[in-house]
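Just dropping this structure here.
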């Protein structure tokens, strides 16, 4: 959208319909709405295929709600709030009554898209404790219309559990692998299939797991080329990356 | 290939053509060739779409050459040696005279594929010092038949240089972004386009860049969801991931 | 058990009693029970001599209880929940009334084995503050039928306290040494006896002890070859390793 | 002031008006008031142009209030308490009824200067979650009489938002840039303008942002020479540095 | 310059002198010259008051020389190459015979500006081992026409050495403080004067100085608000920041 | 004491008064009392001049009280509990009614020694926030009969505050310097006086102070040889070291 | 041996054959030989079942040779020098002509034991680059009379390579697993077998593998209880631990 | 000395013999000689009892020699150069023919003091590889006239080696303990004796010893209060601290 607007502006200047001054103002004004503290980037979807998600921590409930309303008024969908608290949800719910809260994934979803994107995303998780992150990834992907196949509790301690799902893994266009502790699962998965593998380390584990850094470093050091990694517990990022891959 | 062999083995057992003992032996024997020290995984391409690459450091030249010969005899292509030294190259060259050495990228390429994979990969690099890593990514991708568009020296210090290439970026099915120092470039690129962005931190920079860890942490912490990251200086991994994405 | 099942399956295929399709399904189905979120690995004991332990953090009480019931129904013993909260205990207690809670060790034990394994395990701890980890190690070991000799408060600040117990140390088939702060005790113990020494760093100490990392690094750097190390505060892991050693 | 006093003292000794003993005592006594625990450095403004700010954490409310009263009696202005709690505010309010509390910035301001310092300071922040730190910087700068232009929510995910404000940026004599996550914004700003850029990393972000260290390291590694950096979340330090620059 | 060109372009479009297509091309073409690998940003001085410096490591001598020639042809001055090797200098010298090499500072200076910028910059260093970094800062500042007052070997081990130079410090419009080991000097200096203090940690010191990180962390944690910090050994960055401050 | 007992034991064996068996038992039994969980090392004072201090964290109140009673019955003095909670104090108070609680220093003192040790210890602290650690050091030193001169709030931001106390510093036989943030104070103090300087980093400061590690690293990297360092916030250790020095 | 000597000494004192003075001297003299710089601990085998190994780095060739000769004269066997250089080997060879040098494992073996210890040790390695560490472990184990089964190049990228060796793994009394990069192999192995698993991280891999720390942290964080870990590249330690386990 | 000069100066001013201007100049001039780059602090001994030592790295041979000559002309003794190279020694030797070079300790000693300081310093080292650091400590101490008792190769792997030297340890007025790897030795020593213990970590050991940081952290976390620590490999600092303690 915005490249078109720029082009139209330049054409308007060329045709005399738009003054140079107006053109400079319009180029600045076109892409976002000024909301005081927050400037939701309502054309990001046009540029990147992905609307802006709202990161909850450090924002007051009423700030979150104001941004949600603004995005909603602009027709953006889906609208997502991550790491959302109960209080943020209650504020959002007042401006967006159809908002859905997933407390374990700490996620609020408003206005999921109503079309289905072709291409299956598998979300594989190593242990029960990793489920909240896998849930965030799955719910965000679904809010964007992706179809998700959840494969849970298949950590490397019992490698046969994973091998039993090899055929499901092979059907996915993209696989998100969520694991804490030593973070070994993405390497094993990537050694079995040709699809892209997005690794998500989680902050699960004893002391030397360093709040997920051990898994993160392990995934980055994977002996299987082709594994890419997102930040610790970042289910949102993994889903957004899957959307870029599958939607490409 | 190997799933078929397993199935055929099971069918063989079912038909009586293969005994159970022989089946167990065959299942163990099918997937790799034993070469003493090294067991090149010649069927990895069948499983993952990607043959094994040879990681050079810590291997003697004659070890590297032996694995190259083994893979070559098995018809694997391309054969890649990363972080290769001159001495490793000379040993490889004796067993594979068509081997090509890219000294700056520390890469040996033997038998690149001769088909062209549809889908353009852009390899964007921030500074001249990042070129050797961008080269590794580009050369590996090309060895697999991908078409690469190199966009160099577009670091965020002069953001207009990047913006001028927006249309080239938009044509790529996948973008690899290589940057050292603060590693800010992938965020800016990902904010401009809808395609998947694979970030590669490089070990370029002064003390607090910590040999690339500053860029790595920055890329993992990107404020744009949908950026995924590979290890420091890991051009190979970025290319392999691009192959998984584009080839999917 | 599971190798037998695989062999029986192959034999069944060979004899015509089992079709190839059924064989593939059975190979996938044999080793675990699908419980939705969690897939308890009930045959792990058959493979490794050790049933799966349940890691408490991040699991809802009812999830923990469901896994306990599942393992209990499958006849697994002992069933352990580590880092267990009071609420998790109450949920477990409803499905397993004989469950015992050790709040300081944050451990729930259900159905300890009723045989005694030959071979004595000494659990040595440096200070009173290390007791909760030493307790976890001791209680887990005892739940598996091992006999444990607890030697407490023998830190290196008063080396004669340890030397006085040299004869008890020499009777153990395996010694677990639990220490925080500088973590020096395992080196001293390993210099006195021929048995395997498993070092457990604890998160006890001032700032530069870095939550147990100082002890961990010290133990890994021990000048006495033959000390092996588990994660910070990981009494469970130490006990499981002792079981592997003594039970071997 | 204090160099004059020293000079006057030496002159007094030279003239015989002051004894050498008295001179030594006076040189020690001149620069601060002894308050038992705390020695507020009331002449710091004379030396550095900046009175001492009070760092709240670890101080009892009555300690904070006593220092405020002391500084107030000495005519120091403004008086600032950073990382202030509600309880510290209530204690300060009793001794300084005009004290103003900014709870989100955790700042207490007493007796802001009533003159206006020429020179505009722009305070640019990347996301809504960075606002509390940007607020601290802005409020401190204003307490010293600086004029502040706040530009908020212009993170690099949508680089056009920043570019639209280029003219406002160009009017500032000094720009403070506040950003968490990958901390890329200062590099982009510094590439656009000639004024000094003070980068403030914030502790906003997922695991690998390491509580602001990822942003800190990124800013220190900036590819644009001329960016300087203060500590994580240190809005006060950024404002004080701006005051030194603009007031120079 | 470049905002003017943009404005002129828009005006040209408005007047019909420039077509919209041509305008888009011109906007892309105006700001840099494409040199294959490297795109020197010749208008950076117009935007930021500072031409691009060339970071030497990882660039071949002929690459460095080509960029120098390109910048020289475009009239950029000064041209700086940092962390330059002897071989890079020899290549540069062939294309720029007036290039001056400062081997200890690892700096090449071509075409220093011939005007003098008002405002004195003091460059203070703690020990003899810090001189190479202080030299880089001083030489870069002088290449831009700044006047530099070098104050060397005044580390905090003998605080009177620094106090003796208080009057020289007070005359500076900006003070760069270079120190390794514990990096305490910037705090002491900033407590004495009102001018901006730019701290440069150096990689001098024993093990726990961690290659300059101890000094870096110390400077960031300075108890004197108003100290800002650049990367380890980054004399260039300090000088560029001083130029922004003094030249503002 | 204990070397005498050993010698007496050997003499007893020589004279026939003691059997070899009894000698081995006595050698084990002489040095400590077995209390189940805790083995207070009541002869440590004999060996080291310092009785054992009780580290509070991770110990139940009744455990702490039992050890206090045991030490008290053995005539040990002083008895110290560090990092003590209110609940631990109440338990101790029941067994030792003369116990004194210093809540800010988190210290319990029972039975301070009633003699005065010659030699003055100066405890210097940088800021008000460092007082709780300086208090711990001072109170522990005083419990052992040392005379303490407290010099507070003399951080390097106003170096004249410290210089004014030079004569007090010169009278001390040993100086403990407590500082957070950049931890620069010990270097400055050690540059002024010939006495031993014990540096105590504190966990005071913003993000990059890393909970005291920045100060710790800075102190270890001090440019003044002769500064030694104890752990973060470890006032106890500093006092015990001063006792070793002054009491030697 | 040495406990006997102590007992004999005490008995001698009891019988009057030994004076108390002589007893104290003898107790000090019995356990080691004073060699000036080095005090080889020739009775360590008596205490721990393992003679002292000589750590090469930082020792002059003649120092190494002197210790070897001393141990050899005392009848110690085997004598091992780790991280040995060529020059150290040549010096050792002069005093011990039967010394064998394994340059890739950087190991010198003198006088291997000539008995065979029952119990098989499997040494499993992930990649060819890990071989030098696996070799150190294997050669040390063999020098002590252990039988070693080497299983090489079975990294998790092709998990079937490992599964094919399951029966060999099951025959081992103890398994040493050597892996770099993400260090995932020990978890997978430990999930398959009941024997003790000793994990050895190696310093193989790209930047974020941090010289083996990523593998180390991953192994410590293993989701399979019962994996213990030794230091990076510490093949010696793994072998010594295996000897303690198998020889117990 | 310098306090006297200041006092004399003030007295001179009081008596009219010295003008105020001259007094200010004299106060600045008294304490050091300006040598261009380096300002040797020749009165440091007067203030601290210790002349300045010269830290070699990063200084050119002729710079080192010039400072040595300057100190020599001023009568300073001893003069020490640490981390000295052969080339620095040769330059020093030309200006100070009696200079002695200790290559393993990387130390140059010129003009050792010719008096003997009462009080014995024990220098205890754990392994042969720690000798070079122990040598630095011993040689520096001896250059200042201290008497040193070297106790070598008494690491905790064979704790009886240390116990045998208890009486020598008890005679020392101060004990320096040098150890790498886990750094446990200082805790054990400090538990045996009442004298001050200065711990020196060394950079000896495998990967997770992190170049001495493991030992450093362990020593800082020592469970024996009264151990103080200097930087990694910092034998000089330990000796200087011992001098402060013994000479006090």
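To keep things simple, chains are lettered A, B, C, D, E, F, G and H as they appear, and every chain counts its residues starting from 1.
Keep this in mind: contacts are C-beta pairs under 8 Å (C-beta built on N, C-alpha and C of every residue); 3 or more make two chains touch, one makes a residue touch a chain.
Remember, it's a predicted structure, so these values are computed and weren't measured experimentally.
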| item | value |
| --- | --- |
| Intersection of the contact lists for chain E and chain H | D, F |
| Chain pair, A-B or C-F, that carries the greater number of C-beta contacts | A-B |
| Inter-centroid spacing, chain F versus chain D (mean Cα positions, whole Å) | 37 |
| Intercentroid distance (Cα basis), chain E paired with chain D, Å | 25 |
| Distance between the centres, which are taken as Cα means, of chain H and chain B, whole angstrom | 52 |
| Junction residues of chain F, two or more chains touched | 44, 47, 127, 157-158, 163, 190-192, 205-206, 208-209, 213, 216, 220-222, 224, 231, 234 |
| Touching pairs - complete list by chain label | A-B, A-C, A-D, A-E, A-G, B-C, B-D, B-E, B-G, C-F, C-G, C-H, D-E, D-F, D-H, E-F, E-H, F-G, F-H, G-H |
| Chain A-facing residues of chain D, complex | 127-132, 152-154, 157-158, 160-161, 163-165, 204-209 |
| In the complex with chain E, residue positions of chain D that touch it | 3, 44, 47-50, 53, 166, 173-174, 190-198, 216, 220-222, 224-231, 234, 236-241, 243-245, 247-248 |
| Contacting residues of chain C [partner chain B, same complex] | 7, 10-11, 13-14, 16, 19-20, 23-24 |
| Chain A partner contacts - residues on chain C that touch it in the complex | 2, 27-29, 31-32, 35-39, 41, 44, 47, 52, 55, 57-59, 63, 67, 201, 203, 211-213, 216, 231-234 |
| For the chain A and chain G complex, residues of the former touching the latter | 126-127, 155-159, 163, 180-184, 187-188, 190-192, 205-206, 208-210, 213-215, 217-224 |
